[in-house]
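To start, the structure itself, in structure tokens.
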Amino acid sequence: METFFYWFDHLGVAVFAISGTLLAFRKNMDGFGVVVLASVTAIGGGTVRDLILDLPVFWAHDPTYIYTILVAAFGTILWLRLRDYIHQKTLLIADAFGVSFFTVMGAQKALEADYPAVVCVVMGTITACFGGMLRDVLARDIPMVLKSELYATTCIVGASVYVLLAPYTALTALLVGGLVTLLLRLGAIRWQWSLTVFQEHGDGHR
Amino acid sequence: METFFYWFDHLGVAVFAISGTLLAFRKNMDGFGVVVLASVTAIGGGTVRDLILDLPVFWAHDPTYIYTILVAAFGTILWLRLRDYIHQKTLLIADAFGVSFFTVMGAQKALEADYPAVVCVVMGTITACFGGMLRDVLARDIPMVLKSELYATTCIVGASVYVLLAPYTALTALLVGGLVTLLLRLGAIRWQWSLTVFQEHGDGHR
Amino acid sequence: METFFYWFDHLGVAVFAISGTLLAFRKNMDGFGVVVLASVTAIGGGTVRDLILDLPVFWAHDPTYIYTILVAAFGTILWLRLRDYIHQKTLLIADAFGVSFFTVMGAQKALEADYPAVVCVVMGTITACFGGMLRDVLARDIPMVLKSELYATTCIVGASVYVLLAPYTALTALLVGGLVTLLLRLGAIRWQWSLTVFQEHGDGHR
């Protein structure tokens, strides 16, 4: 089980590394700028989480994560050189899997370290959202999390479901919490759900 | 006394959460992007301070801070839906109170943990300025701290006054340091003080 | 020897503080915005490194670093007021020295704390590159690290050389690793080396 989760975690890291590489490609970046952007996207969220929870940063003692990022980034570069194209929807769906897994794993790590329930929800959200936020800031895009499509909300709901179920059955909680996040993300992508809190007004986003 | 400071601290958090929500409104953001921006503004500075000082992050064990942010953000959203308007000056003044309180509390926390005086001044400044800096970076504005109106300077002066007085009387030091910061900020807003170190030259801020 | 490295470290901090001040000048910033930008550039990378490695942040217990930054920033301001000009190449070369020293010192700190070799390389890179990255993000420039000229690559190669040689002779490793980084940087500046991984394509960097 442990091992299963460990590899699933690497899958999440790989998906986010690919999304960082793709943005670097779209922005015409060069050389190891790609690797920097891929790494920040893939492990930025978990790093911030571990720093705030005062736990050892997860990749500092296990270099396998760095290899996963390198393989994912170079694989994507090769693919792009051959095809010069990647299906946008494919990436969004892969990203949805990464997000849902990172959400429950982040919440679980906080719960195991005995932090209050609300803080666990926040940690799930940070794990899933901060890497992409850093990626967008570095590449000078408006962070996707701050735009609609229910990105952060999805994580908050999924992490809350996990935290509520966790006292009963750890595994079910992980699966249900992850599934809720995943379905909400896929639904938001498919039907373009959004959560409007302000009426449309003049001075828009630039 | 302790309790008084504790609630004052929450007041500072609320003011900064409101300022984050207002920027999200001006940038036409949606849903929980607002909450993300409010939270980063309100607790970003204190989080960076606690990480650098190697102390437990203040909100990780006390979820009340998260509730304060949520209440402040939703209150602001409701207000904006009803009125679609907030007086800019009101906010600047509220922000001045938040800044002056965060400055002395940040310096005090470093002093209590026996850090050198200069480092305490830096910590007061980080606590008061970094949250707003992160807010502006995420919303793709030029950070207010880096523009004039003596933002960071105010904090450096206020924190220095506090650190100089602290060995004598803890409470007076807090009050005088906070008051100096507050008056400097209000004066800078009222008379548009600035601290020009470079003559005007061609290639301006974009 | 220790002392020699300590002062060399301050030299690196000073060089990066100057580069932050110069960017602030180019962006027409005012007052202590300059100091903020200079500090972030000079100690941002080392701070992130120490946080991730779970070591005490290097400047928190030794305020000398803060004085070095202040002296370098004010010296640069004075120079700019007198001359209104600084040779771009001079700065790039000074920056190359700063980068090469920070790279090996960062890798060494991780190695001394018994982290895996790959993580040490990453830490060398973070120490040398993150300060400048934060500087560019705050000043709303495209981070230099993400653009070409082999910035991050140089650090990765230099840190790898150091880590490979370190088990044999600590001092030689430091010197050779630093020299490799320095020569690669100077070469990249002189002959405009770049590491193209993507063919030129339409939607460019904005």
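Some points to look at:
Note that the chains are named A, B and C in the order they appear, and that numbering of residues resets to 1 at the start of each chain.
As a convention for this text, contacts are C-beta pairs under 8 Å (C-beta built on N, C-alpha and C of every residue); 3 or more make two chains touch, one makes a residue touch a chain.
Going by UniProt, the chains are A, B, C = Trimeric intracellular cation channel family protein.
What you are looking at is a predicted structure, and each value in this text was computed from that prediction instead of being measured.
With chains as nodes and touching pairs as edges, the resulting graph is complete, every pair of chains being joined. At the interface between chain A and chain B, two copies of one sequence, fewer than half of the residue numbers in use are shared by both copies. Look at where the CA atoms of chain A average out and do the same for chain B: the two points lie 29 Å apart. In chain B, the residues that touch at least two other chains are 51, 137, 140.
The touching residues of chain A, when paired with chain C in their complex, are 24-37, 47, 51, 56-57, 59-63, 66-67, 77, 80-81, 84, 137-140. Here chain B touches chain C in the complex through residues 51-54, 115-119, 122, 129, 133, 137, 140, 142-143, 145-148, 150-153, 156, 194-201, 203-206, going by the rule given at the top.
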